[in-house]
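Take a look at this one; I'll ask things after.
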Amino acid sequence: MRENRLRKIWQEGGTAVNGWLHVPSSFSAEVMAHSGWDSLTIDMQHGPVDYGSLVPMLQAISTTDTVPVVRVPWNDPGLIMRVLDAGCYAVICPMINTREEAEAFVGACCYPPEGYRSYGPYRASLYGGRDYTDHANETVVTMAMIETHEALENLEQILAVPGLDAIFVGPSDLGQSLGHGPGMDRDEPAVVEAIEVVLAAAREHGLAAGIFTGSPEYASRMAGKGFQFVTISSDARLMASAAASAISTFESE
Amino acid sequence: MRENRLRKIWQEGGTAVNGWLHVPSSFSAEVMAHSGWDSLTIDMQHGPVDYGSLVPMLQAISTTDTVPVVRVPWNDPGLIMRVLDAGCYAVICPMINTREEAEAFVGACCYPPEGYRSYGPYRASLYGGRDYTDHANETVVTMAMIETHEALENLEQILAVPGLDAIFVGPSDLGQSLGHGPGMDRDEPAVVEAIEVVLAAAREHGLAAGIFTGSPEYASRMAGKGFQFVTISSDARLMASAAASAISTFESE
Amino acid sequence: MRENRLRKIWQEGGTAVNGWLHVPSSFSAEVMAHSGWDSLTIDMQHGPVDYGSLVPMLQAISTTDTVPVVRVPWNDPGLIMRVLDAGCYAVICPMINTREEAEAFVGACCYPPEGYRSYGPYRASLYGGRDYTDHANETVVTMAMIETHEALENLEQILAVPGLDAIFVGPSDLGQSLGHGPGMDRDEPAVVEAIEVVLAAAREHGLAAGIFTGSPEYASRMAGKGFQFVTISSDARLMASAAASAISTFESE
Amino acid sequence: MRENRLRKIWQEGGTAVNGWLHVPSSFSAEVMAHSGWDSLTIDMQHGPVDYGSLVPMLQAISTTDTVPVVRVPWNDPGLIMRVLDAGCYAVICPMINTREEAEAFVGACCYPPEGYRSYGPYRASLYGGRDYTDHANETVVTMAMIETHEALENLEQILAVPGLDAIFVGPSDLGQSLGHGPGMDRDEPAVVEAIEVVLAAAREHGLAAGIFTGSPEYASRMAGKGFQFVTISSDARLMASAAASAISTFESE
Amino acid sequence: MRENRLRKIWQEGGTAVNGWLHVPSSFSAEVMAHSGWDSLTIDMQHGPVDYGSLVPMLQAISTTDTVPVVRVPWNDPGLIMRVLDAGCYAVICPMINTREEAEAFVGACCYPPEGYRSYGPYRASLYGGRDYTDHANETVVTMAMIETHEALENLEQILAVPGLDAIFVGPSDLGQSLGHGPGMDRDEPAVVEAIEVVLAAAREHGLAAGIFTGSPEYASRMAGKGFQFVTISSDARLMASAAASAISTFESE
Amino acid sequence: MRENRLRKIWQEGGTAVNGWLHVPSSFSAEVMAHSGWDSLTIDMQHGPVDYGSLVPMLQAISTTDTVPVVRVPWNDPGLIMRVLDAGCYAVICPMINTREEAEAFVGACCYPPEGYRSYGPYRASLYGGRDYTDHANETVVTMAMIETHEALENLEQILAVPGLDAIFVGPSDLGQSLGHGPGMDRDEPAVVEAIEVVLAAAREHGLAAGIFTGSPEYASRMAGKGFQFVTISSDARLMASAAASAISTFESE
């Protein structure tokens, strides 16, 4: 089975630089896949990507060795299994607030006896190889989003769920849950502290920690702290910023 | 009928800053439409946009006052009429090399007696207004691409075609045709001279001149020379550059 | 943030005339958006619209000031959040039968602390404005469908849920649940009485009441009774009726 | 091979009532196919239908015995052959102004030796039957649009082209070409006279005559005059009119 | 209402030969519908079909008298109702492990009072007929997948749920759940025995039994044992096998 | 630039086994790309593939080292350039009957000075590499279909066009043009002789010869005769045959 480079990067102590895809187009996905990201996450939660556009986007990413990741919109076993069948190598699940939710999420990602994933890797076996089923459970990465006050309270129990590989911090939701509003690169002490608590606990449990950031500078600081999966901005935001910057430069010349 | 802001900008002696769309997605089109461009050109020639994706992209642009422009893949009257029916306010036609080609292009854009456009503005009248038909001929902008040696030779005849509103320089094709290879922001004397010849001739005939550029700095220089329609990069290139730059910044921190 | 005209109409004591979209096409959505409706509801429950077609339809509606509404297929928080992120200004949720269901629905529509909506208004902030997040909770309208015997029994508890803005009567399901079969413009005393009970209770709780109707005449009667949101027929039914009528007229001439 | 009911209706001296499809949706096409039209024309010229949406629309029509017709955007042999391969039973070609254009059009619709249609009826043989190729030339209907002053001048030569089955009058383009502007149900004497000339000439040559109308009343008058193929309005127009009428009725009650 | 031929085949003691669709294309669906299957199941669980592609595929199947079946990805009432509204005549639900799950599934398929299906058969009434609602509950077939150890333990309770019409054995998931790994045409005694237990129990309760197979030979054996619904391979597997076989034959000649 | 394996196979004296794609799905394209074909041709002439589905199909093929080929529907320079920009490595053009047509075709495939292809390899440079433009003219393969009586008469002139790399025999159209009807694996002496004349002439001019066949056996015979590019059946035909065969085997057991 094709190796999951995320696991390799993490085992070597490195940090994966992850791009984020909101534009539901296999062409822009392929452009991003040629831009140097270690992995690309297709966001089905807060972007216009649905299952119909997901599959061509995964195919586009598969023309390179960028690792394909999907964020599902919700902890829904049917959809989690479908994105895995489509050939993604990591699943990010939002709003994991309790041990039970973490168990349900991880179980949906694993074939029996470790979980209850249903069999039918229609594209995953094209991408991963004919022996996909034999190695899927230990190859696919499961990432639970820690982004609420409730999750912080249940952090130890969530991190202890067998088969959970990583956590992913959502700074906007976490900030809102803590009463500080949305936003990316946080510096409010309470939010920063919460992020550090999550990071420390994840590392203690041997899990990789990931975080969404709005800039390479902040991402670099997070990597320095020990985050091993840093997302920088998104396709649409990068494009919009670059467009605004180009127009502004034009006008100021 | 809704005004064509391109004409207004030109009448006031200004330069329209034009964005370029290759990604066949109405979402990325809407993001670009909120980024400050005066107009956005959907490129059906060298991008993956087909007619099925064109219409939602035009609708997305129509949620703002950005002027919708389409570059057609070829001087094909059937398709030219279709993109006009879909509600674009300017058409860029590639490879106009002779007076006859220019006449065929302009004729396809105009209702009789000025041209031979067929009647059926199914979406154009939603966008432009119920009186679309009465004013379409003088509102819609026709732009002929001047991008070959042959076009340079026939320049005067092309520019003299009644109803032609503007020309648009394609630096890559022009450079190739002149034996200097493709590329955006040209500085080879022969290519620069050709560009200036086209600009001067266009202005003499009272036509607006446009050009494709790869950077706001070059675009600004071109505006300074008298170009009134400058395209800067494209959605996909802006995104790819911004992505590469973010990764590079991350890695160098 | 862009105003929600539904709220304004209701505050002024008026009745919003709502169109209903089943055809999964941004073109027909735009045609309907130019036809004079105060709001248009895209029906993801009983029509062929999926998330992939929803976004272009919302964009098409956004070219006008018609208020975009979505009926979700089920009380599914992941999807409810996604349709809000896509920029709709009201959500209709079917089959709200208990207080718990109403709370789950409303919570999915509101950011903390009022609810548990996750942050990521990727298109909503394009449509609503950059300050979308600040005002979304009090701008977006939540409408719970009251359409079963169980919901009638729990009516008071449902209506008392904080953050619920309106109810919407589904006459077919309500009729079936009460043993009278499906159908639009009901005149069975038991069904009529149930509808009036719902209306009265809603008004008592300060909620707007909506209803699906099959004709402008019945809609007008309902508005007269106090309904402030009346849906008349649907795009597909209007088209089919008009087609049948045209053919019939042709044949009888 | 499945019979072409258009031919049967014409042979019996009847008039086919034809619906017109602009909405690029197989669902609305199926709704229209159940509404009683003898045939349905998918308009690729002045509507947002492209080849990707054409095939599902033809399939939707094929669930009924409504005859599938396609209007191509231009006299383009590649596309004409493709819409035939997709299984339509009649092709309407716009802007046939000369004998040569009529010959090119008819030739693209017929297999050798009658024409130069290329072989590959990938869906036509599913719809028409395994013996499609044997009978296609005499089953498929070719309709040339007569809609310009030039076509009127060349009328006899056009009508004499072997294999041409019918003509179709486009009142808007014809009116514009004659200097009277666009519009459906014409009553300007010059336009009416031109229409009658076309009708008389078509009948003399044994060809069926068709016309686009805006109302069943006008269609009925045209049928009375001898037109055997009358189009009434379109899906989008029927829907928009019915919507406006419903809103108006609601407001006036 | 249009008859459900699956019920007829079963009442006559026959076995329905079912094809399986993974390719999200209405064209390949129509090709398969002309290939001789009694029914075709569109697989939304382990294939790339989403709701947007489902509707045109159902329309394509509806051009023939092949019975349209859908396997939903999960026991999700909102989606189950939507596939029924789209006009399928049987629903296969995966992973039915308890009586409660079976009841929820069957309830979602039936209108009150038998179930809680919401009313709105937008396409089902085009396909089934105007009296669809009157007969839907007894026409539509509900098939529960028995594919886990837990389901075997609760078999009697599941089979006793009123309104459940059939069961469907998933050999891969069942094999995995029993510790024998995935695979189609099982011969491990423990798996074979489990399959036979399910078959016998289903027949005893008067339910039809179905099974997924990888070859016509195995399917034939299963039919011989009493299975009345046998799936043979899938569109994608049949194509891939035939391709590999053609290449192999070419190379060996 | 990525090598064109077709050229390599031909230079080594081998025969490329080519698969044929009619199903407009990137999933089935990827399945075929994993089935062992040397190249896969996406057929835009006699299949339902349009430009919108072409790009994802090319991406799917690009996940493997199968060579991507496109048959365009007609000798249309705009579309030919677009399929090249999308990243195909060979173009098959139907109905090349004269030297002028061959020159127009080849010119559209080559950048100046060899041809008049416009610059903008938006995806071709992702697939082929950043130096795509430098080597495209000698890497991309041009194949002209010889399939009419007229082409046979002009054979020498067609084959002499500089830059033409290969010819492709269409047996159905050739058979029809010669008065023998359509069909794949021809044995009528006149058709066989014509095919051999084309083969011999192509080899004499140093061009590769290709042919469409209906079976691996016939393909093998053609390879034995000297054809270096043999197409065997198509995705849809392979699937339909395998389905019919499975059902037949089931029924006969």
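Think of it as A, B, C, D, E and F in the order they're written, each chain with its own count starting at 1.
In this section, a contact is a pair of C-beta atoms (placed from the backbone, for glycine too) under 8 Å apart; a residue touches a chain by one contact, two chains touch by 3 or more.
Since the structure is predicted, the reported quantities are computational estimates derived from the model, not experimental observations.
Student: Which pair, A-F or B-D, has more C-beta contacts?
Tutor: Of A-F and B-D, it is B-D that has more C-beta pairs in contact.
Student: Matching residue numbers in more than half of the contact pairs is the bar here; say which of D-F, D-E or C-D clears it relative to E-F.
Tutor: Comparing each option in D-F, D-E or C-D with E-F, the repeat is C-D.
Student: When the C-alpha atoms of chain A and chain B are each averaged to a single point, how far apart are the two points in Å?
Tutor: 39
Student: Taking each chain's centre as the mean of its CA atoms, how far is chain B from chain F in angstrom?
Tutor: About 34 Å, centre to centre.
Student: Where does chain F touch two or more other chains at once, residue-wise?
Tutor: 22, 24, 27, 31, 34, 47-48, 50, 52, 55, 76, 122-123, 236
Student: Per the contact definition, I'd like the list of chain D residues that touch chain F in the complex.
Tutor: 50-52, 55, 76-79, 81-82, 85-86, 111-113, 116, 118-123, 133
Student: Which chain F residues qualify as touching chain D in the complex?
Tutor: Against chain D, the touching part of chain F is residues 22, 24, 43, 45-48, 50, 52-53, 72-74, 76, 94-95, 147-148, 170, 172-173, 176-177, 179, 181-182, 236.
Student: Given the complex with chain B, which residues does chain A contribute to the contact?
Tutor: These residues of chain A touch chain B: 17, 19, 22-25, 27-28, 31-32, 34-37, 47-48, 215-217, 219-221, 223, 230, 232-233, 235-236, 238-244, 246-251, 253.
Student: Can you list the chain D residues touching chain E in their complex?
Tutor: Where chain D meets chain E, its residues are 26-27, 30-31, 34, 55-56, 59-60, 62-63, 122-123, 126-127.
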